[in-house]
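Have a look at the structure below, then the notes.
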Amino acid sequence: MPIVVTDIQRADPEVADSLARFGVATVHEAQGRTGLMHQRLRPVWRGAAISGTAVTCTLPPGDNWMIHVAVEQCRPGDILVAAPIAEAHSGYFGDLLATSLQARGVRGLIIDAGCRDVDDLERLGFPVWSRSICAHGTVKETLGDVNVPVSCGETLVRPGDVIVADTDGVVVVPRGTAAATAAAAQARIDKEERSRARYQAGELGLDVNAMRDRLADKGLTYITQADWEAQQ
Amino acid sequence: MPIVVTDIQRADPEVADSLARFGVATVHEAQGRTGLMHQRLRPVWRGAAISGTAVTCTLPPGDNWMIHVAVEQCRPGDILVAAPIAEAHSGYFGDLLATSLQARGVRGLIIDAGCRDVDDLERLGFPVWSRSICAHGTVKETLGDVNVPVSCGETLVRPGDVIVADTDGVVVVPRGTAAATAAAAQARIDKEERSRARYQAGELGLDVNAMRDRLADKGLTYITQADWEAQQ
Amino acid sequence: MPIVVTDIQRADPEVADSLARFGVATVHEAQGRTGLMHQRLRPVWRGAAISGTAVTCTLPPGDNWMIHVAVEQCRPGDILVAAPIAEAHSGYFGDLLATSLQARGVRGLIIDAGCRDVDDLERLGFPVWSRSICAHGTVKETLGDVNVPVSCGETLVRPGDVIVADTDGVVVVPRGTAAATAAAAQARIDKEERSRARYQAGELGLDVNAMRDRLADKGLTYITQADWEAQQ
Amino acid sequence: MPIVVTDIQRADPEVADSLARFGVATVHEAQGRTGLMHQRLRPVWRGAAISGTAVTCTLPPGDNWMIHVAVEQCRPGDILVAAPIAEAHSGYFGDLLATSLQARGVRGLIIDAGCRDVDDLERLGFPVWSRSICAHGTVKETLGDVNVPVSCGETLVRPGDVIVADTDGVVVVPRGTAAATAAAAQARIDKEERSRARYQAGELGLDVNAMRDRLADKGLTYITQADWEAQQ
Amino acid sequence: MPIVVTDIQRADPEVADSLARFGVATVHEAQGRTGLMHQRLRPVWRGAAISGTAVTCTLPPGDNWMIHVAVEQCRPGDILVAAPIAEAHSGYFGDLLATSLQARGVRGLIIDAGCRDVDDLERLGFPVWSRSICAHGTVKETLGDVNVPVSCGETLVRPGDVIVADTDGVVVVPRGTAAATAAAAQARIDKEERSRARYQAGELGLDVNAMRDRLADKGLTYITQADWEAQQ
Amino acid sequence: MPIVVTDIQRADPEVADSLARFGVATVHEAQGRTGLMHQRLRPVWRGAAISGTAVTCTLPPGDNWMIHVAVEQCRPGDILVAAPIAEAHSGYFGDLLATSLQARGVRGLIIDAGCRDVDDLERLGFPVWSRSICAHGTVKETLGDVNVPVSCGETLVRPGDVIVADTDGVVVVPRGTAAATAAAAQARIDKEERSRARYQAGELGLDVNAMRDRLADKGLTYITQADWEAQQ
């Protein structure tokens, strides 16, 4: 039975807001390399970097009705996560729905299907990560669910989880671990800053990360070109 | 027997010119959601939006000879539609052919195969929608046809039809219905303008489109998170 | 046994440097249409055009350890060519490794797998051609080889070969024929310049390339629309 | 923190067993067209049709360690569902693991990644639905989870849910609704049986399903070839 | 306006029937290497080889209503060609529709989308060439056309054309040239029979086809391994 | 300059012959998980398992001329490896060329492109591993090379290397290490035989491979469903 869950519990908005600045790659590392959506989800225009709390919906093939239903469940600071239940490339989303979401303070859309009006979306400054850019329209005939756990981009998303999206892709941070992930991300940024200075100074990763002994233990051998050719 | 049809009947140029400003998504809707090419056809540089009358040609695998033949059949206001007869990613088209088409007043190229010299094409301002960007050159050994009906982008194109192309993709408007489609597109734009104002004002699609009763009839149910969890 | 070849012979740096300005399409033509990598290798940011000498490494699935090893073998003017031994989309490479390669004077990376931190890479001005953009991190557990011949982008690359990469893709020029290829590329550019002037003046490829007789010999027939319809 | 949930609640085994005979397409219809995995999951050998209760695990890229951990959690009547957390085609599973699962009474494997030893699997009669057939081996370095909700085949699977798999694909039936789905599937089979007799007797779907009025209402028009051509 | 053309002109049934025995590859060659559908159309079960006259229909995304309409237009000896107007993988066709088509003497289905109940189809002996095997059901809400020219498998098909399908794929033979194609196919078979005997006797293609001089003219050079290595 | 190397050095035929019985997965493991071709190379008919020495050739797009040239370089016990220099799906190979290769004692074909006449190939018992099954014919206009190192299936193959191919895919064994690989494969088979007995007896991989301590060290935690739910 198709349902709309109306009062989902969202991640702490302050934590949700803070994750955008770390970026997708760092957040993904900070939570143990989990929660990354499939790389086929790409920004329809380049440059946006957002984070926010997930409102989810499922989409029947070629049917965008549930996006309209989901809009009503969105609040400022949310990101809508639209998960088709079968591979689909139709244009489920365009500038009118973007206008509506923007009017509600929604920060962006993640949709594992098609999107259209992409020039308008860029003009509006409304960011979308999608699987396809496709103008083919959708019908409004079949119900789905809003604010239930979904599989989007081959990853599990629960309503209220934090979504982080930038040019590198989209990552999901479970509501319950968002604060710990933010802390781990900050620690990682700090550590990378120190490494970056060493790399800029010309130090090698082999030394920055003390890899030489372990490489030798595993059997890595350095030989000359002449010796290599003699072995062929 | 390979042929070139020399005196095709084109859509009314005024109508053909007028369709660009509606955009691909609106034109596609205005003609009943038909005629859209496959979403794999993407602009090789971003920003162009054109419409014009189709000159068509077929392409044997890895052979671009018929593009040269087709150029001669083009007039100002045309768009060349190049349809390979087998999946192919070679670079059938580059800056020299673009120079030649531009010199004849051709507005762009739609090719369901590869294209190269894309930086030059952007500098020239010659827009191309292609399946691939690939530098692999082609031979000139096998004939095809010019100005016959073709399947391009998984869609039927007849010579003289109107092509509309922008960042959302490529749509084909049959010559005979182009004027009616233009009128329907204008009506759709007007209607969307009214809806847009309501969305901007914060109204929901559920109300703008009067969807609530029909959703309830289909059985959509609103429940609380607590009730949902109790059901799991 | 995993090995690192330490003293590879590189193509003449002057020749290697000179190839960038011809561009990928022309270089590929100039060497008889060989050596082009698969079109799935795309620039992660648009606008760079480079050439340089190849340092190669192989990558086990989801493991970027050998990139660290390969960095040490790089010199100014090199381009790193990273070849996974199985299809992989993880983000093997990001801004720290780019910083390290830049510090060594390396001009870019060709990787037939995933890359991340692409906004940072654009800010750094470090160009990468990759198969995917993906934030998923990699481990450092399994060895591969550095500076052996590899298959990258479905093309054979030997250490020391010249790599040319731009918006059209990536082409490999064997070390031994790089000088001859540069000469042939220059000749081709000169010839195209002459053709371009004729195309700009409105001449047709059919005449610029003297194709009409051969087309007729092969049986190409020009007919009117009316005659064509009568045949259907 | 990687975890193994040890005492999952499984769907009623009698219900789970009963679903195989309805087949994937009917079960999918019976539960409102939800829960179907992506069509890229194909049987590695053809002919098996199974149902059973899901034990789930996640798989890091190129790492099959958690399959070994998951085996211990399996009981007779289970089906193992292995969900990679990134696109991967390595051969995570072969004849030794199949032998182990068979020894525990497990009915099959669903894996959204690669599988190998497929001739052996057919000889053993152990069915596998996978994304790829690929011999590339995996490492055992990184942990994942066992018996948590996963996204497999772009669909949400909870441990203890029922899996139904045959030549048409793989469908997931939530534990809580499995009995109702079985009843609905039986009703659908009965209804289809009656329709089948009418189709065999030459009746048309237009009449069996009383579609003619609705088609006319929507505007479907029957015309002759001559009239159609006159309109072109 | 959606239409059904009711009295299409079919190719000569005797000619249409005769083409199956030549096979797809030979027919495709016999008509100058045109008309082949994309290789993604594969038989859902292996072994069938058919030819017959095309009844065509278009399919909106995820909507199989027009298949029901098209069935009524089919006669014994026909093959139904179902062309989606957007990429779609749903299961538009299953055993009930196959039963209905079989009852009317239809020989098979070509569908550039998904198909389900494939085990039943094999039991029925009803052959289908499809893009996907997918159980996801379709709705009946949107109209399309029956017996108009369509683009299916990236190829133009007109109602009444001949379809030939076997393990190698699907080829379309225009109604007007079917007899000539049959004659050319027979000639090709005869010629291949003579070549086959020579190949079986150990003659080389280089000699059977007198290729040596032309290869030498193009510059093919035979060298020893030692000489080749000296050049590297 | 296109060349044919005429006197390549082949791997020891006895060793080359012996590898087929180990199978692709075992050989691939035995040589350190290298040399596996991409999983897109699939047998066009199922059941064959071969090994032999590689004769290589490159293929221009849509051009199979070099296969004819390569046939002459083949001897009994060889396997022809045909490597296109650009992605291509045409049917480069069919029953006549198979007849010719069989007459010379060649054991099979590996082609990273299209193949046709697959029913005939199965009747002949001539095994082919290909990327596509496609009837589209090829021309004979452009030269390539025979018996040079090639990139096929995204893997480097040198003439004279051993090829092993079965239902799991295709692996390349360098000529110089073939004997060592055969020995390692035998050792692996022996070890797996002992493990298999233990798995059949119901022992777990966790114990057969002594994994429990290392899992615990890495932090794997076993918890109850109740505890897990309390954490959510």
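Chains here go by letter, A, B, C, D, E and F, matching the order in which they are written, and residues are numbered from 1 within each.
Definition applied: a residue touches a chain if its C-beta (ideal position, glycine included) is under 8 Å from a C-beta of that chain, and two chains touch if they have at least 3 such contacts.
All figures in this text were calculated on a predicted structure; none of them were measured in a lab.
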item	value
Set of chains whose contacts include both chain E and chain D	A, B, C, F
Interface residue overlap between copies chain A and chain E, same or different (over half shared)	same
Selected pair, greater C-beta contact count between A-C and C-D	A-C
Interchain centroid distance [CA atoms averaged], chain B/chain D, Å	37
Between chain E and chain B, distance of the C-alpha-averaged centres to the nearest whole Å	27
Separation of mean Cα positions, chain F and chain B [Å, integer]	41
Multi-chain contact sites of chain D, meaning residues that touch two or more partners	33, 36, 39, 60, 85-87, 89, 134, 136
Contact graph of the chains (line, ring, star, complete, other)	complete
Of chain D, residues touching chain A in the complex	33-34, 36, 38-39, 58, 60, 85-87, 112, 149-151, 154-156
In the complex, chain D residues that touch chain E	23-25, 28-29, 33, 36, 39, 42, 49, 166-169, 171, 192, 195-196, 199-206, 209, 211, 215, 218-225, 228
Touching residues on chain B, where the partner in the complex is chain F	60-63, 85-90, 134, 136, 138-139, 141-142
Chain C - residues contacting chain E, complex	176, 231-232
List of chain E residues in touch with chain D within their complex	1-9, 65, 67-69, 71-72, 89, 91, 94-97, 99-100, 103-104, 114, 116-119, 132-137, 140, 143, 147-148
